[in-house]
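Two complexes come next, and they have one chain in common, chain A, joined by chain B in the first and chain C in the second.
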Partner chain A sequence: MFPSPLHRILTAPAAVLSLLVLTSCSAPGEQAGAGESGTGPIKVANVNAQSGQLSSLGKWENKGVKLAIDEVNKSGGINGRQVQLDLFDDQGDPTVGTNLGRKIADGGYVAMLGTAESAVTLAMAPILKDAKIPNITSGQSPKLAGLKSPFLFLNAPTSVTYDETLAKYLVETKGLKKIALISNNGTYGTGEHDAFLASLKTRGVTPLADEVVTPDQKDFSAALTGIRDKEPEVLFIGAEEVESGLIAKQARELGVKAVLAGGAPMGTEPYLTTAGQDATEGAVVSSPYLTNDATEATRAFAAAYKTAYGEEAEVHGAKAYDGARILVEALKATGGAGGQKLADAIRATKYAGLLGDFAYDESGVGIHATQIAVIKSGELVPETAS
Partner chain B sequence: MRRLALIPLAVAAVLLPYGLDRYAIHVVDVAIVFALLGIGLGLVMGVAGQVNLAQIAFFGIGAYACAILTTRAGLGFWVAAALAVLVAVAVGLVVAIPALRVQSHYLGIVTLGLALAFINWITNTPEAGGSEGISDLPVPPMFGIDLTSEHLFYYLEIVVFAIGLAFALFVVASPLGRRMRAMRDDSLAAGALGADIPLLRVTAFVLSGLYGGLAGVLYAGLIRYVAPETFSVANMFLLLAMVIIGGRQSILGCVAGAVALSLLREVLADFSVYAQLGYGTVVVLMVVFAPTGLAGLPRLLRARLSRHRSGERAELRPFTPDDPAPVQGGGDMLEVRGVSMRFKGLRALEEVSLTVPAGQIRGVVGPNGSGKTTLFNIVSGFYVATAGRVLLEGDDVGGVAPYRLARRGVARTFQNLRLFGDLTVRENLLVALDHTRTAWTWRYVALPHAVVRHDRALRDQAARLLDRYGLTAFADAQPRSLPYGIQRRIEIARAMALSPRLLLLDEPAAGLNGEEVLRLAEMVRSLRASGVTIVIIEHNMGLVMSLCDQVTVLSGGRVIADGLPGEVAVLPEVVEAYLGEPAYLSDDNEDAPEAAR
Partner chain C sequence: MRAFLQTLIGGIGFGAVYALVAMGFSIVYRTMGLVNFAHGSVVMIGAYAASTFSMTVALPFPVAIVIAIVVTGLIGLVIERVLRPLEGRDFDLMLIGTIGFGTVLEALAILIWGATGHAVPSPVGSAPLDVFGVRVRAYSLVVIAVAAGATVLLALFLRRTKLGAAMQAVAMDPQAATAVGVHVGRSNAMAFAIGAGLAALAGGLIGPMLYVSPVMGGSLGIKGFAAAIFGGFGSIPGAIVGGMAFGILDSFAAGTFQGYSELVVFLVFTVAIMILPTGIFGERTVNRA
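Up next is the complex of A and B:
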């Protein structure tokens, strides 16, 4: 008497299924990717977090990239073709990153610059590899090099290099062996932690303390009190800019006397302002880009950066600038073509950049050295290698 | 007719990938994953009323289990996928445990905590790849079809999705789904009608885990990379927004919301700062102006249009008495022995004893606050008496859960009506008519056609019951839109749908006019004639005097008189008890809240 609604529902999938079977003769979506035509602008994608926790990093990176591309376009482009730079926001989320990977693969882009977040780059790498789109990333996780993707290049050393240099300086040059670690469990912090610990181990040093915090933590007194009681000579900080600053500031407030040490974030403006001049005095920094004053090239870069954006240049902008310049060199070599040719061209590019001399190896790492600086009165003073 | 409408839909689903480029199909693939998640959340939250903020964790567990089992343990994709879904379901079982204790926003906080714990665990566990996640998941093999092509993966997804959607719609429309919706609207009343509340809650979470796990596995096969950010609390709220915007009480609405918001998210990808703000605004607007979401809009508009038209009013038909039947069970139907009930310092009942022989109509009267409803709550299992025993046909039933008592033949109505507001009148009766145990649920998976047959039989019974109580004209209306007198009638019909042997009526005449009270008395007599024992709490003394075989008078939690109506009414202590509180004729607000369990 009642046409049962249940019955209707049960028969529905059967209908859908049979239709699927009927029409599964030819597969859709086999058209080749568009783009890579010989005329019009050369499209380059820049993927970086413009929102979310990592947005300050992403914005610096974008400024560096934009500066480099603008310079190229002003000087006539590549073989007369302009470079079109499109910015994509990955929100620091790997899933969004994979979406963007497909978008780039389909949008006729020849190359991608970014991201600043290793996890996002790791997620995108297989897609870009399949689509044969070279990617110069700002990430520095050793896992990126571990992928050995022929289409993935780093614009800076990996954490291993930063921390090897740092450990060598602290332990061998300075003879400091009572070392404590504090790092966050984000991608960057974990990478720093593992690399620095490995470098200590090869030198036979066991850390006095090894505290792990989270990337969005603001109060570190529990971890720092534990560290203070161990009376270390060195406190290694493995965290992003602002968090490193907060840790440094709170460590000094709690009476930690140790020398602070860390990677690139500890040479940046946000770190110095967050921590305050007193807290940063004497800190040891390992970075491929210490000051805007290092060479002729860095001075020129810093001046251009200041003119364009009205603020001081820093390491992330410099890294991204180097990456973009290398891409431009490679594009000039291929005449604007992408794919395998472009990847080979990048690998072959020898480039004297702001961070040092780039020469790419099999794993996509182009630069293998960092320098040590000591912060004195809020300025990074390079320590000449002994 | 509606089945025919599915054919163009299916054709469109098959042809869709031919018109999309690789990026667009990827967006569609992701949208389908979220639609599956939306179905799971719709089932647990919209249908079963369990606030579940751990849905994104079920999703993550499915994806992560699949990733870990394939990359670390070296299992094949499909074996890992099957195990991963099982793991998600098992976690659903675990998450259901707090739901047995706490509800509503407390449950929300507990599940949110579990979701956060999951994120913490995967970020800190080396086996789960830490914050870098796990990359390089294998491509799901499929008889030589290359599933790295997202166009082909779409077909895998759409098949899983179609089956998942059909199963969800089937469950919602089936007796199980009806019970869940009844539990959502009023878990107390649902329990009193024989719905096994704890098991239903567990079932809801298991279903939610199942859909979360399926979505997770598809996600793992599609993206072939998992990382903690994907399963963050921010995405949980996005999922919540999808379900709220779509209309959480409708599965199709959840799907529509999930697809719409996934696509919108892509459009707004370049403005993500404002996008979050936008989602928030849309959710607030939706909750304020269309609480039933997109799915409820057609009905909302129809209601607004038809308000101006005056339709002919449906009429309540008279009650048709059932055939007289011998009294079921002999001897004493109900015996209350020395029952006391204390709420902290308050003594609600003190040493109350009464015996109701089978086939009697017993009246329980007394001034407001004398403990009448408390007595009902003890007899129907909502309260456990502090002292004393309750015997049903000689068996001690103290401390037995309401749904078990309901299955043993105890039915009740409530003083302030407890109909399931979002169910139709017919569905209200269907919930009570379904006497199956929850253990019967396995048939939903194994023998769907047995469920269809069962449902059809229930609908026939419901049609007869509606006809007998003169409610056929209101069968598809929602109870709350009906006049008070009709709602009272529905509640009695619903209680009788349980085929009880003992019927407890709590102030059935409250709010009825003289004519309606007369009809009520007729109905109660006829019910007794059909073999049901009846206990009735009532303030309308005229009704009590004319209807009851015996009357028990409560005052201050004690029995002060027990006997024939005529004898009891003239006892000086009874008169005093009533005169001491002259408001006894008023109908509204009696003692303690209905129940606190």
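Up next is the complex of A and C:
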């Protein structure tokens, strides 16, 4: 009935689909237990969104992790054993995350790197804790530290640190007290909102406005008009990269003249290009990783990143790289063994990374400082002596 | 009052784009009785095509949009051609086919442009106009004008041309249309191509207002679809009214209900649909399977 060329067209999308499905669920189950046996590759899982709304974060994180692991493998691996890095796509979805958690627990993995989304990591934490699989996450919600799981570690400071540093700079160093907030009600935005508000409160500052938007919102006219009429000196934005950029752009279009301030998303390329250079000029950013030019180590990292992927390195890749390097140090200490021994080794690891000097406390936070930068002509310029 | 007007202006700017997306849904639905679930992804492809041609190849923005319309129009033709054997036979499979195409287009976009997406600089450089303290983006005016122009052209095409009349005939009664010599398949292909072209226009226009990424089609598609239903599915004036209503509702809900705005918008939508099941301009001419 159907002419054959048509058949080919019909089956082509199906073939693409099935290929995608195949690549995204290979690996788990095969060679189960190889990681424990002391021979063969050491299996490490990297869980990050490769599709869906948060896939850009997931791709950056994976690039950082892969760079670190490739370097280790090239220099001979750990005690002569190669590290096998398997990538799992959590789609930024906690439910998918818990399923992957069980797969990883059954698949003979000694450790997990990721995810970039706090909500997913929170959902996976109990499973990984039961399976005694250490997890170095890229999430930065204070709730992660609040779990106090002995198997959960963060590769960056929590929102509390970001916003404490930011509030201190704005209120104490700059003397700016007329502050307005706009944040989204997702996990990240809520964490930022709560942390910044708490930091303001300890300094006796009450915000002029406290607007909440949804993570998917596109038009911020109503919230920003309200903020403009209160004439704040500072507008704090607590949202992911692109949404922060849209808020900044629309704020300027509506005539909001306040200094913009926020966390790590405001130092990234998607934020800067979405908002446009005029809108971002003079914005204050709190981040543990300001530029690729900060130190010898960051320059080397940025160069290697550029060679491997043909694009500029940024904060997410850097912190994922740090997390992977810390895991490698710990694996070297245990000789490739996992479980409680590996968790203890990670906690004992003192590592001078791209983000600063890591030393883990019992809540799994390894780094407790961020720096302040001001955006000038689209570049992050570090503010010294904050 | 100023805040009210500012919110209204913001809502209309996005409402014009929702209206274009809704029109694309409606033109396919009124002709074929089919909901094209790949439509949101076609909007995304249109946004990518327009922004790539204007940023990388450095073509003027209007030219880039025209090329994007042609490219996505071709994609529309391909989708229709693949689904044609199912026309009049298995309606559910056709629906699922469009969903599959949506996923394939998203995966293709990730393969071609990567997952991170890119921002598009506004083609209209001038500062926002200040009308009695209400800021009006110059670019929003362009978007509204283009959307209005596209609507008029589409209406003229459907009313005044032979091809348009043929499409209307197919919409009303495909068997009778075939009997008087109208090629149903060609008419459907036309509807798909026009729908995809409208999607590209919407995508190209919204690029500079948002951020172009492989997943941008999701929420635009859902809002455009809801707008089409709200206005009366299959109706072109309905798509315009529905799109505008959705944009404005969205904008005001965001101001009043903050974090719960999405919930409120779709609750209002649900209630409206319960009261007016066929939408504002509900014509029930289309019911084919």
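The rule is simple: the second predicted complex is superposed on the first by the 350 of 386 C-alpha atoms of A that agree within 3 Å, B and C clash if a C-alpha of one lies under 4 Å from a C-alpha of the other, contacts with A are read in each partner's own complex, and residues count from 1 in each chain.
In the analysis below, a residue touches a chain if its C-beta (ideal position, glycine included) is under 8 Å from a C-beta of that chain, and two chains touch if they have at least 3 such contacts.
As the structure is a prediction and not an experimental result, all values here were calculated from the model.
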Winner by number of chain A residues touched, once chain B and chain C are compared: B
Partner chain in contact with A:Val96 - chain B first, chain C second, else both or neither: first
Touched partner set for A:Thr307, first chain B, second chain C, both or neither: neither
Chain B versus chain C as contact partner of A:Gly245, first or second or both or neither: second
Chain B versus chain C as contact partner of A:Gly255, first or second or both or neither: second
Touched partner set for A:Asn185, first chain B, second chain C, both or neither: both
Touching partner for A:Ser51 - first (chain B), second (chain C), both, neither: both
Which superposed partner A:Thr274 touches (first chain B, second chain C, both, neither): second
Which superposed partner A:Val213 touches (first chain B, second chain C, both, neither): second
Which superposed partner A:Gly226 touches (first chain B, second chain C, both, neither): second
Common interface positions of chain A, toward chain B and toward chain C: 1-2, 6, 9-10, 13, 16-17, 20, 50-52, 185, 212, 214
Chain A-facing residues of chain C, complex: 2-3, 6-7, 9-11, 13-14, 78, 81-82, 85, 100-101, 103-104, 106-108, 110, 114-119, 121-122, 128, 130, 135, 137, 209-211, 213-215, 218-219, 247, 250-252, 254-256, 258-259, 261-262
Touching residues on chain A, where the partner in the complex is chain C: 1-2, 6, 9-10, 13-14, 16-17, 20, 50-53, 55-56, 58-60, 184-185, 211-214, 216-223, 225-226, 229, 242, 245-246, 250, 253-255, 270, 273-274, 276
Touching residues (chain side chain B, partner chain A) in the complex: 2-3, 6-7, 10-11, 13-15, 17-18, 20-23, 25-27, 30, 123-124, 130-133, 135-136, 148-152, 155, 158-159, 162-163, 166, 169-170, 173-174, 223-225, 227, 229-230, 232, 266, 269-270, 272-273, 448-449, 451-452, 455-456, 459-460, 463
Touching residues (chain side chain A, partner chain B) in the complex: 1-2, 4-13, 15-17, 19-20, 23-24, 27-31, 33, 50-52, 88-89, 91-96, 98-100, 102-103, 105-107, 118-119, 122-123, 125-126, 130, 141, 143, 147, 185-187, 190, 212, 214
